[in-house]
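You will see two complexes here that share chain A, one where it goes with chain B and one where it goes with chain C.
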Partner chain A sequence: MTLKTAAPAPAAVARRAEHQARRRKGKSPYPYWFYLPAAVVYTALFLVPTFASFFFSFTRWTLTDFTFIGLDNFVQFFQEPALLKGLTNTFIYGAVTSTLKVVLGMLLAVLLTSRIIARGYLRSVIFFPVLLSSIGVGIVFTVLMDPSKGMINEALAAVGIEGPAWLVDPAWALLSVAMVDVWKGVGLATVIYIAGIVSIPQEYFEAAKMDGASSVKCFFNITLPLARPATATVIILSLIGGLRSFDLIWAMTKGGPGFTSDVIASVIFKQYQAGFYGLSTAGNVVLFLIVTAIILPLSMFLNRKEVEQ
Partner chain B sequence: MTTALKRYGLGVLAIAVTVVLFIVPLAFMALTAVKDRREAAKLDFAWPTTFNFIENFQDVLSARKFMLVTAFINSTILTVASVTILVILAAMVAWILQRRRSRWNGVANFLILSGLIIPPAVVPTIWVLQSMGLFKSLPGLILIEVAFGLSFCVMLFRAFIASIPKELDEAAVIDGCGPVRLFFRVIFPLLRSVIVTVIVVQSVHIFNDFQNPLYFLPGDANATVQLTLFNFQSQFATSYNLLFMNILLITIPPLIMYLFFNRQIVAGMTAGAVKG
Partner chain C sequence: MTTSRRRPWGSLTVGVTALAVALTGCAGGSGGSAGGGESKTITWLVDNTENTVTYAEQIAKDFNAANPNITVEVETRPQGGEGDNIVKTRLSTGDMADLFSYNSGSLFHQISPEQNLVPVTSEPYMANVSESFKPVVTAGKEVYGVPVGTGNAGAVLYNKKVYEKLGLSVPKTWSEFMANSRKIKDAGIAPIIQTYQTTWTSQLFVLGDFANVAAASPGFATDYTANKAKYATDSAAIKGFEHQEEAAKAGLFNEDFASATYAQGLEKLANGEGAQYPILSFALPEIKVTFPDKLNDIGLFPLPGEDASKNALTVWLPGGVYIPKSTKNLEEAKKFQAFIASKAGCDSQTKAVGANGPYLVKGCDLPADVPTAVKDMLPYFEDESRNSPALEYLSPVKGPALEQITVEVGSGIRSAKDAAALYDEDVKKQAKQLNLPGWN
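Entry: the complex of A and B
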């Protein structure tokens, strides 16, 4: 601690300053050890496994013993059709669910912030599925989507449409699960958008109305750009959730029929169950890389635009 | 005239659509849960001829040696313990992080962001748990939920602590308060509203969690409610009434949370929507 001062007794002042500094350092009202308990848990159960996953993804692993096999696990991941299908499905699932959530959430939020009747009821009923258990929702919709006896196809038949076989049709299975995911999650997107829209100053709309703008124009020129932070949140949240999603898929199709609705998260679980721990961990690393590679640039892009405003 | 038409027309249309899309599936679940086995197997949306609520309730509870009762106890312990630990640890971190500017802030922020984005690595986590002797144990799963939930909770707490004036801390320090007393006696009580938010959001989340118990707490003895439901899916393949009664039962806790803490849940889940 050096203190440049022109005081008559520099040594004494320096000593006192040093003393004060030490006291401030030692007895800060904000001690670092407050980090400690959280840091221990977080490091042991999140950071260590994450770093370890990079190492073990290059091995054949039995939890007690491992042999180093280089890139074999990753090669297998990108060559075996069943695993590769999981990879492409992850992208499809993430893209479909987050797009639908953004679009539907925005429309519902505009509707629910306009002057219509029964807003409270509509808001609660749309949001409530967010709090339901994925497994419960999955089972209910598996029954509703039954190709022959299910209510959805019976209702479609009543109006003369022959519904697809939903979960048992390889072409529809993944999309069916994605639709249920949207059913369950659109409420969250809606309330986020409502919070965003409500925070837009009402004067903008009034001024636009004065100038004779239609409500469509208002939406595209005021609501949409000014609700951008909400859009960013919805996109990021639903993409993170969509790319990692496991519960609904596992409850509804278990990746089937065949492996047509597998995503990386379900592949990870299947390989884990089969005892291929190295391969399963490689799946985790792939998922990690995909999520980071998509989310980081995207959130930087969305936030940068926000600053420019 | 046209605004009134829009107000009522759109409203009625919206109500009709939500009834079909949201109320019907939920009502279907509730109705099937009280039907008898034969009627439930038809999978149709019909009013039950007999109400078997009590019988189905008893059957579900007593299935597999009262597994669901055990599961409810396990889930309650899991939820209460992990949320309690989460609230205290996350508030401590958020407080220091918000108040003390240091070179650790960058690291901490980076770690929080990582915790929000990175999907946890499954098998390595099992490996760590096993080496600590916590694999397949409730305390292990509690710590897992804490580790995975920390980032989100710290974020919520931090935003709130920023609105508490620092002068309050200083006044308490001048009065001779140590850090522990300052935090638990002065700051912690001020966090009440955000604590309620964290508690309701996290408890619904942890109660509904399926993936982590599936990986880290396998075995019938200490199943959680979500796992029970999953296990019953194959066992009750022919008795949909019991399966749906089970779904109905595990829906009740979140429903109660929603009825009482609607506003806090929405506030917690929309945090960051306005600021970005």
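Entry: the complex of A and C
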């Protein structure tokens, strides 16, 4: 929005806009104290905790009293042996889940916007896992993925495949959780894509068919580029979700075996559990900065493309 | 039409009113009993293991029989890190029950006793408490708790039937233990049970080895607290990590060690599917509940070290019952503490769950029919040169990540040397949080 208005703005337009703004300001239909309740709630629930957490991240804190120790917590946090593993895992997890959600979500959306039987039913079935509690899903899949007695490996054994040890094999643990995350979250991506695809005018497809384009060509030249806003939304939502993911990992592996499926959030949680409140707050500040540093440029990039188009 | 449209609002109103009545009713009830003066209700927070809850309910009942106007309500919390978190949070928000059970030793120091707890050093009932227990619930100059439960051991529980069948004798050194284990493996039985789905169980090779460390270098605990001794560089201390690595590399664990749980481990041990399980003797009451007829097939020996003549048992002291400063029923809470630290208190525990080790209250004798594994354990308790408290009772320094580290050693993800060094890094955070001298 701002880009659109700002781009063609010669001085005159800008001045007029300023005028309007001032006039609107003067004639505001609400007195200032109208904003007070919202301001109080916002200050108490968002501003104060945010600044308090920035402050406590510089202290050694026992919840009742604190000692100011400067940047020690951050030094300690970056020396944390599990941190490097946690950081790498966070990026792997975020990238794997959001890529799979984009690809699978797109394919499922194409399928579910085509003329197939029981379309409404299939659409709701794909969305159901989104409504489930992560902890419940985690516990169920932990049972299903048991290496010797789990249903998944028993089914694989029935067709002669020896399944991996899913959650307890260090090479598989993180990917196993990521796959469950995709299963649980792909419904939301699909719904966003369905909305995106349905809003593409039907005329384009008709015209393409007239010219003799195959359905593959239609997909790559019409659906994919015109569903770009949907792609941007899905990528941003699933990447934010992936980077700060915690509940599913905690329910399924608790970061294990050892530290092999630790992500930043679980490293922080374990520090909090151990009573290192200052240290874990510093970790949260770091996590906040990392997520911002990735999402902000990415969202600006994706949205700019959207405007140009 | 209009009436049917109004109906949902009607039912909502009814719902809200009902909720409000329930809430105020609840508050009124508790206010009434507190203001009554004649009969009082006090609360006691304990962990949620079946064993603890069973004896806690029994103590509460027997206490109420002796003091009819005080009722004790038992509340439960989860175990492990989650439980620690709840205790710390409830203490610092002033929302703790009138009494609570919690670990003694290093975990006790982490709940800021001087700030949060009522000292009971000069209470008459403290004379009943064993002198060996007092140091582990002391902070500064004050004593804060009474023992509940029995002394325990971090040792190897083994299936005597398997040992008899294969003609094995109890090992006194690590090499004898490995030789036994190989023979058991050849007989097609899992020699050493490991259960890494329940992560804390992976620590026993290291924690249960401490009596051997203390025998080899007696000053280790003091130097460790002062940041002078390290697991990675002390040749005796690193043995625990090395033993775990050696056993893992020799393929002596049960096949499903990575996904097995504590309960499954106990099942394997009781059924003779596995022969030896390094674990805390807290497991005995659980075996008693689940496999009562197998309890006496289970024996116990200390984790063996290098020297047969120094074979000693690593001992876990019972947890304490503490009173938070936030309590409004101090008199009643102290009365209850006195009851726990008396022969009557021990007796009601024995009545509820049997005796699983020696009590640390004077005058509490064990019944004659204790389980075999407890009998195996008692000689070590009676001779002070043959036991040592676990490191967590001698030093407040304990890192939170040991269980993940030992899972990695046992799964072959990390070498023993690496693991010991990593654990030394891990404890730094705890030492700094406690502001110990020599660490900052």
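In this text, the second predicted complex is superposed on the first by the 272 of 309 C-alpha atoms of A that agree within 3 Å, B and C clash if a C-alpha of one lies under 4 Å from a C-alpha of the other, contacts with A are read in each partner's own complex, and residues count from 1 in each chain.
Note that in this section a contact is a pair of C-beta atoms (placed from the backbone, for glycine too) under 8 Å apart; a residue touches a chain by one contact, two chains touch by 3 or more.
Given the structure is predicted, the values throughout are model-derived calculations rather than measurements.
Q: Once both complexes are superposed via chain A, do chain B and chain C end up clashing or fitting?
A: Result for chain B and chain C: fit.
Q: I'd like to know which partner A:Phe46 touches here: chain B for first, chain C for second, both or neither.
A: first
Q: Hey, is it chain B or chain C that touches more of chain A?
A: B
Q: First (chain B), second (chain C), both or neither: which does A:Phe58 touch?
A: A:Phe58 sits against neither chain B nor chain C.
Q: Pick one for A:Gly258: touches chain B only (first), chain C only (second), both, or neither.
A: A:Gly258 sits against chain C, while chain B stays out of touch.
Q: With the two structures laid over each other on chain A, which partner does A:Asp146 touch: chain B (first), chain C (second), both, or neither?
A: both
Q: Let me test your reading of the model: by the given contact rule, A:Pro29 touches which partner, first (chain B), second (chain C), both or neither?
A: A:Pro29: touches chain B, not chain C.
Q: Once the structures are superposed on A, label A:Ala165 by its partner contacts, choosing first (chain B), second (chain C), both or neither.
A: In the superposed model, A:Ala165 contacts chain C only, not chain B.
Q: Scan A:Tyr93 for contacts with chain B and chain C and give back first, second, both or neither.
A: neither
Q: Please give the nearest C-alpha separation between chain B and chain C in the three-chain superposition, to the whole Å.
A: When the complexes share the chain A frame, the smallest chain B-chain C C-alpha distance is 6 Å.
Q: State which residues of chain A lie in both footprints, the one left by chain B and the one left by chain C.
A: Overlap of chain B and chain C footprints on chain A: residues 63, 146, 272.
Q: Please give the residue numbers of chain A that touch chain C in the complex, ascending.
A: My answer: residues 60, 62-64, 67, 76, 79, 81-82, 146-148, 165, 167-170, 254-260, 270-276, 279.
Q: Please output the residues of chain B touching chain A within their complex, sorted ascending.
A: 3, 6-8, 10-12, 14-15, 18, 21-26, 28-29, 32, 42-45, 89-90, 92-93, 95-96, 99-100, 104, 108, 111, 114-130, 132, 143-144, 146-148, 150, 154, 169, 172-173, 177, 179, 182-183, 204, 207-208, 210-211, 214-215, 225-226, 229-230, 233, 240, 243-244, 247, 250-251, 254-255, 257-258, 262, 265-266, 269-270, 272-276
Q: Under the definition above, what is the set of chain A residues touching chain B in their complex?
A: 28-32, 34-35, 37-39, 41-42, 44-50, 52-53, 56, 61, 63, 111, 114-118, 121-122, 124-136, 139-141, 143-144, 146, 149-151, 154, 183, 188, 191-196, 199, 228-230, 232-234, 240, 243-244, 246-247, 250-251, 265, 268-269, 272, 277, 280-281, 284-285, 287-288, 291-292, 295-296, 302-303, 306
Q: What residues on chain C touch chain A, complex-wise?
A: Answer in residue numbers: 81-82, 84-85, 88-89, 92-93, 110, 112, 115, 196-197, 199, 255-256, 258-259, 400-401, 404-405, 407-408, 411, 413-414, 422, 425-426, 428-430, 432-433, 435.
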